[in-house]
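Below are the C-alpha cells for one structure; questions will follow.
Chain lettering (A, B, C, D, E and F) follows the sequence in which the chains are written, and residue indices restart at 1 in each chain.
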Amino acid sequence: MSSLDPVILFFLLGLVAGLLRSELKLPGALYDSLSIFLLLAIGLKGGQGLATQPLAPLLPQVAAAVALGVVQTLLAFGALRWLFGFDRPDAAATAAHYGSVSVATYAVATAWLAARAIDVEPQMAVLLAVMEVPAILVGIMLARGIDRRTDWAALSHEAFLGKGVTLLLGGMAIGWAAGPDGLQPISPLFVDLFKGVLALFLLEMGLIVSRQVGELRRRGLALVVFGVAMPLLSAPLGAATGVALGLSVGGTTVLATLAASASYIAVPAAMRIAVPQANPALSLAGALGVTFPFNLLVGIPLYHRLAVALVGS
Amino acid sequence: MNPFCVDPNDIHPVTIPSTPMTTAVTTEKRTLLTVFTEAALEPLLVADMNRLGIRGYTFSDARGKGSRGVRDATWDESRNLRLEIICARAQAEAFLQHLQTRYYAHYAMVAFLSEVEVLRPDKF
Amino acid sequence: MSSLDPVILFFLLGLVAGLLRSELKLPGALYDSLSIFLLLAIGLKGGQGLATQPLAPLLPQVAAAVALGVVQTLLAFGALRWLFGFDRPDAAATAAHYGSVSVATYAVATAWLAARAIDVEPQMAVLLAVMEVPAILVGIMLARGIDRRTDWAALSHEAFLGKGVTLLLGGMAIGWAAGPDGLQPISPLFVDLFKGVLALFLLEMGLIVSRQVGELRRRGLALVVFGVAMPLLSAPLGAATGVALGLSVGGTTVLATLAASASYIAVPAAMRIAVPQANPALSLAGALGVTFPFNLLVGIPLYHRLAVALVGS
Amino acid sequence: MNPFCVDPNDIHPVTIPSTPMTTAVTTEKRTLLTVFTEAALEPLLVADMNRLGIRGYTFSDARGKGSRGVRDATWDESRNLRLEIICARAQAEAFLQHLQTRYYAHYAMVAFLSEVEVLRPDKF
Amino acid sequence: MNPFCVDPNDIHPVTIPSTPMTTAVTTEKRTLLTVFTEAALEPLLVADMNRLGIRGYTFSDARGKGSRGVRDATWDESRNLRLEIICARAQAEAFLQHLQTRYYAHYAMVAFLSEVEVLRPDKF
Amino acid sequence: MSSLDPVILFFLLGLVAGLLRSELKLPGALYDSLSIFLLLAIGLKGGQGLATQPLAPLLPQVAAAVALGVVQTLLAFGALRWLFGFDRPDAAATAAHYGSVSVATYAVATAWLAARAIDVEPQMAVLLAVMEVPAILVGIMLARGIDRRTDWAALSHEAFLGKGVTLLLGGMAIGWAAGPDGLQPISPLFVDLFKGVLALFLLEMGLIVSRQVGELRRRGLALVVFGVAMPLLSAPLGAATGVALGLSVGGTTVLATLAASASYIAVPAAMRIAVPQANPALSLAGALGVTFPFNLLVGIPLYHRLAVALVGS
C-alpha cells in the first residue's frame, strides 16, 4: 500500500525520459492500439458486470452522471472566465475538458482499488462512457451560445460516435451479450493483460505530459492553480453524488475520481472542430500537464479517504 | 513562345518534342494545391472537397513545426497531414480561398500552389 | 450454444460502427500485425498436430484439397459468366476468390468447434494453406487463356511466397519441428491470446465489410444472390470431400467451411496484378460484403449440421 | 533571359546570384515525376524502374480519392502510395509513357511532372 | 509580362485575375526545399533549422533507393524521411548549401528546390 | 537439448523467407513495439532481481563490464585496421559495434539457459545496459581522436538517453522499486509473453539479416572471417571476466555471450551521427549478417560449455 503501483512508475518513467529529452518515442500506431485495447477492455468488463444485474436502477445513475458533468462544466467555465480571466472560447473549451472524464485515470483508479480488494459496481464503466459526452455539448453552447447555425446533427455524431464512446459502449454491449462465461476465451487478452497494457499506455502518457511543460511555463501559475483546484472541487461533488446514489466505497471513489478527472481524448478532438478559436495547448496543458498527474499521484488515494469518510469502509 | 511561360489559367495541350528514347508526350498544365494542417481536420476537409466538387485528392501523414508550435505526431492531437489536390487553377484558388476564410485564423495550416503537367486533362 | 460467440459480436460491432459512420479506425499497422499473428498461430497449431502423426496419409488429402479448389473455381466461373453475365476478367477474378479460402472464416469455425469440444484433425491447417493457391492459378488461366507471355515464374512466386502462405507454411514447419513441448514457452502468446486477437481482427473486418455496402448497392441483387448461393453449393462439395477422405465431423465441418469461404487476402492481391482488367471492388463486395458475414453468422452452424448428417456425430 | 523560362529539355547549369547570407548556389533543372497509385503496384514499379535504368526513387504511404473511388488505407487493398522520381525530362517522359501504356487503363493511378532544381546533376 | 516568368528572387505579390467562381487571390512566390534523407538525421536537421532561423518545416516518412542503395524502411537503420521547407529563395539556398557542406558526402541525401505560391508571405 | 529452440526457428523462418524473396514484411511500427517491449521486460526482470539483494557488490561488476567493453573495442579496432585493412572510420565504427552488446542475443541466451533450468544472476541485465555505452565513446575517440570540437554533451546524451538505455535502465528502476510482488499484476504481459514476443522479433531479425547478404557478397570473405573470429575471441574474455567476478555458470555464460555479441541498435544510430565517414552497411553486415546468426546458432551452446569448463556446472 505504501509503495507506488508499477503503472504509476511507468508514467513517471515516461515523464522523466521526456523531461531529460531521451530519444524514447513510441510509434503512433502503438499508442492508438493501446488506447483501443483499454477502451474495449473497460467496456467488456463493465458490460459483463451488467449482465448479472437488472438494468432499471441504472437510469437514475445515468441521469445523475449527466447532471454531474453539466454542473462541473458550468462551474469550471465560471471559474475560468471570472476568476482566471480566460476569454470566452478558452474558458468554454477548457471547462469541457474538466466536465468530461479521463479513461486512463479511471483505469488507474480501478486498478488501485482492485489491488486493495475494494469492490466497485460494474456500472461505473457505463457512467464513464456517459460522462464523456455532456460536457462537450455544454462547452459548445457556452462558447457559441445557442444559435441557429449550430449543426447539432454533426455535433452529436462527433460526441456519440467518436472512437472513445463507440469502443466503450460497443465493448459494454458485447460484454453484456456474452456474459462472463462467453468472455472466458478472450479474457487472456482483455483481462489478464489489462494492467500491463495500462502500464505501457501510461509510459506514453508520461512522454506526452512532459511536452506540456513548455506551455505550462508560458502560462505561469494560473493553469497550475486551476489544474489542482478544480479536481479538489469536483471530487467532493462526485463523491456526494455517489453517496446520494447509494454507491459503495469503491463506487464512490471511482465517481469522485471521474469527476476530478479531465478528458484528453474525446473532448480535445471535439472542441478543436467545434470551438476553433480556443487554444488547444491551453486546455491540454491543464488537463494533461497538471490534473492528470495530480490525480494519479495524489488524488486517487485522497478521494478514497473521502469516500471512506462519507460511506464508511 | 516557350511552353513554360503560358498563362496557367489558359489551359491547353503542351506537346513536348520527342527525344530519341520516347515518343512525344502531350501534357497539360494543372495546379497542385498542397496543404499542411492538423490531422483532426481530415473529415472536415473531405466534406468541404465533396461539397465544392473536387473530384480527387491525396492525403498522407506528416509532422512539423510552424507558427503554432511543434506538432510531432506522437498522439492524436499533434498529428499533421498533407493534402494534395491537382485541379484547374481556378478551382485550386477557390479552395485556397475557402481554406483561408474558414481555417487560417484558428488552425495550424499552410497551403501553397505550384504548377504541374498532367497527361489526362479530363481527369482534373 | 444459443448465444453468439464474442468474436462474432466483435465483428458485428465493427459492422455497426462502420454503417453508422463512427470515427472508429484501427491503425493499418495493427491490422497487419493481427493478421500476421493469426496466420502464424494457425500454422503453429497445425504443425504441432502434424508432429504427432505420420505425414504420408496427408498426400491424398492435399491432392483432394487442390482438386476441390480447382473445381470450385471452375464452377464459380461458369455461374458468373453465363448465369450472372459477368465479363470474362471479372468472372475469372471473382471465381478465384471463391475457389480459394478465408483465414478468418477458418479461425472462427475452429473456435466455434473448440467451444463445443468437437475435435478437428490437425492437418486442416495444411489444407487451409494448400487451398489458398490453386484457385489463383486457375483464375489467371481462365482470365487470360494459357499463352506464352504469361510469366509463370512471377505468378508462382506471388502465389507461394505471398504473406499468407509464407506464414502458414512457416508456422507449420516451426510447429512441426518444435513439437508440442517445444512450443510450450511461446504458447502464452500464440495459444492463449488467439481468440482475443481474433476478436480484434474481426472488429476490423466488420469495419471493412461495412465499406462494401456502397458497391453492393450499385451492383443490385446479383452479388448478394451469388454471394449466398456459392457457399451453399461449395459447402456440400467440401463436406462430401471430407467424408470421402474419412475425416471426423470436426474435420468435415472445417473442410465444408473452407470450401464455402472466399479469400480476401491472397487472391485479391494476386488478381490485382495478374488480371488488371477485373474490377477488384466487385469481387471484394461479394467475398467480404456477402459471403464472409453469411458464413460467420449462418453458414458455420449449418455446415456443422451437414457434417453431422453425413458423418454421424 | 530569365532562367525560369528555358526549355526544360535543354539542361544546363543555372547560377543564382549570391545573396549576402550565402555564396552562389549552382543548380540545374531536372524533372520530378510524381505518381499516386495503388500500394499493390510497388514491387511492379520497382521492377519497371530497375529495367528502365531509373537510378533513384522515393516511396511514401498515402490514401485518397479519385475516379476509382475512395482508397482510405485501412487495409491492404485500399492503400495508396506516392512515388517520386527526379530525373532528366526525357527519362521522366519515357516512364510516364510506360505508366500510361501499362497501368492507366486498369489501376487507380495519377501521375504528373514538375520542374525542380538540383545541386548534383550527375546523380539524376 | 507573364507573372510566371518573374525572377524568383524578386519576391512581390502576384494578383491572379478572378474567375467567375472566385474572388482574386493574391499569392507570392516562395521556394520549396525538399530533402530525402536518412531518418536518423531528423534531430540533427531540426537543430540545424532552429539555429539557422528556419521557422517552419514538415517531415514525413519515406523509403527509397539511390546511390547509397535501397532503404526500405523495415527497421530503424533503413528508414528515410522527407523534409519540406517553404521559405524565401535566399534562405532555401543557404540551407541547401549547409546540407551540401555538412551531409552530402557521407549520408544518403537528395535535395531539390522548386517554386511555389503562398498566400501569407509574412509567414515564410 | 537436441532440438532447436522455437525462437531460433522463427529466426530461420525470417531468414529463409527473406532469402527466397517472400513478400512477408512486418510493419515498422510492430518492429519498434516489439523491441520496446523486450527492452522493458528485460529491464523489469533485472530490476526485480536486484530488489532482493544488496546493490554494493554491483559496483565492481559494473566497472569490469565497462573495462570489458573498452578492451573489446580496442582489440576489434586493431584487428580491423591492421589485419583486415579497414580505413580508420570503418575500423572504429565496426569496432564499436563489437565492443557493445546485442539485446536480442542476450534474450536468446537467457531463454536458452532458462529452458535448461540454469540460474542467472539478476544483475546481468544491469551489465547489458552498462555495456551498451562505453564502446560508443571509445569508437568515437578512435575515429576522430580527442579534439576540442567534439561535442561530448551531445554524445553522452546520444549514448545515455538513447531508446535502448532509457528503457533498460527505466525498466530496471521500475522493477527495483516495485519488487517481485509489485510486478505481479503486469507479469502476464511482461513475463508470460516474453518468449512469444522474442520469437516474433527474431522473425523480423531473420528478414533483416537476409538483406545483409548482398553486402556480404560484395565484401568477400573478410567480413565473414572477422564476424566469426571476433566473438570467438571476445567470449573467452567475457567468460574470464565472469570467473574473476565470481559469477555462476549461468552468469558466466551470459557475460561471455554479451562480450561475443555485437550491437545493432544503439551503436549504429550513434556511429551514423558521430562518425559519418564510416559505411554503416559494412558494420551491419558483420554484426547482423555474420555474428548475430553465429551466436544464435553456434555460439551460445559453445559459450555455455566454456563456462562449465571454467566454473564447473
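Just so we're on the same page, contacts are C-beta pairs under 8 Å (C-beta built on N, C-alpha and C of every residue); 3 or more make two chains touch, one makes a residue touch a chain.
Keep in mind that what you see is a predicted model, and the values were worked out from it rather than measured.
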{"item": "Neighbouring chains shared between chain A and chain F, ordered by label", "value": "C"}
{"item": "Farthest chain relative to chain A (centres taken as mean CA coordinates)", "value": "D"}
{"item": "Between chain B and its twin chain E, rotation from the CA superposition, multiple of 5 degrees", "value": "120"}
{"item": "Chain of greatest Cα-centre distance to chain E", "value": "C"}
{"item": "Numbering shared by both copies at the chain E-chain D contact, with half separating same from different", "value": "different"}
{"item": "Chain C and chain F: spacing of chain centres that average the CA atoms, whole Å", "value": "41"}
{"item": "Geometric centre distance via CA averages, chain D-chain B, whole Å", "value": "16"}
{"item": "Geometric centre distance via CA averages, chain D-chain A, whole Å", "value": "47"}
{"item": "Contacts with 2+ other chains: residues of chain E", "value": "4-5, 60-61, 114-115"}
{"item": "Two or more partner chains touched - positions in chain C", "value": "23, 25-29, 32, 188, 193"}
{"item": "Pairwise chain contacts under the document criterion", "value": "A-B, A-C, A-F, B-D, B-E, C-D, C-F, D-E, E-F"}
{"item": "Chain E-facing residues of chain B, complex", "value": "4-9, 34, 36, 60-67, 80, 82, 89-91, 93-94, 96-97, 100, 104, 110-115"}
{"item": "Sites on chain C touched by chain F in the complex", "value": "27-29, 32-33, 36-37, 40, 157-158, 161-163, 166-167, 170-171, 173-174, 177-179, 182-183, 185-190, 193"}
{"item": "Interface residues, chain A side, partner chain B - complex", "value": "25-26, 28, 31-32, 204, 207-208, 211, 264-265, 268-269, 272-273, 276-277, 280-281, 284"}
{"item": "Residue ranges of chain B in contact with chain A within the complex", "value": "38, 40-41, 44, 69, 72-77, 79, 103, 105-107"}
{"item": "Residue ranges of chain D touching chain E (in the complex, touch as defined)", "value": "2, 4-5, 16-17, 19, 21-23, 25, 27, 30, 32, 46, 55-61, 84, 86, 114-120, 123"}
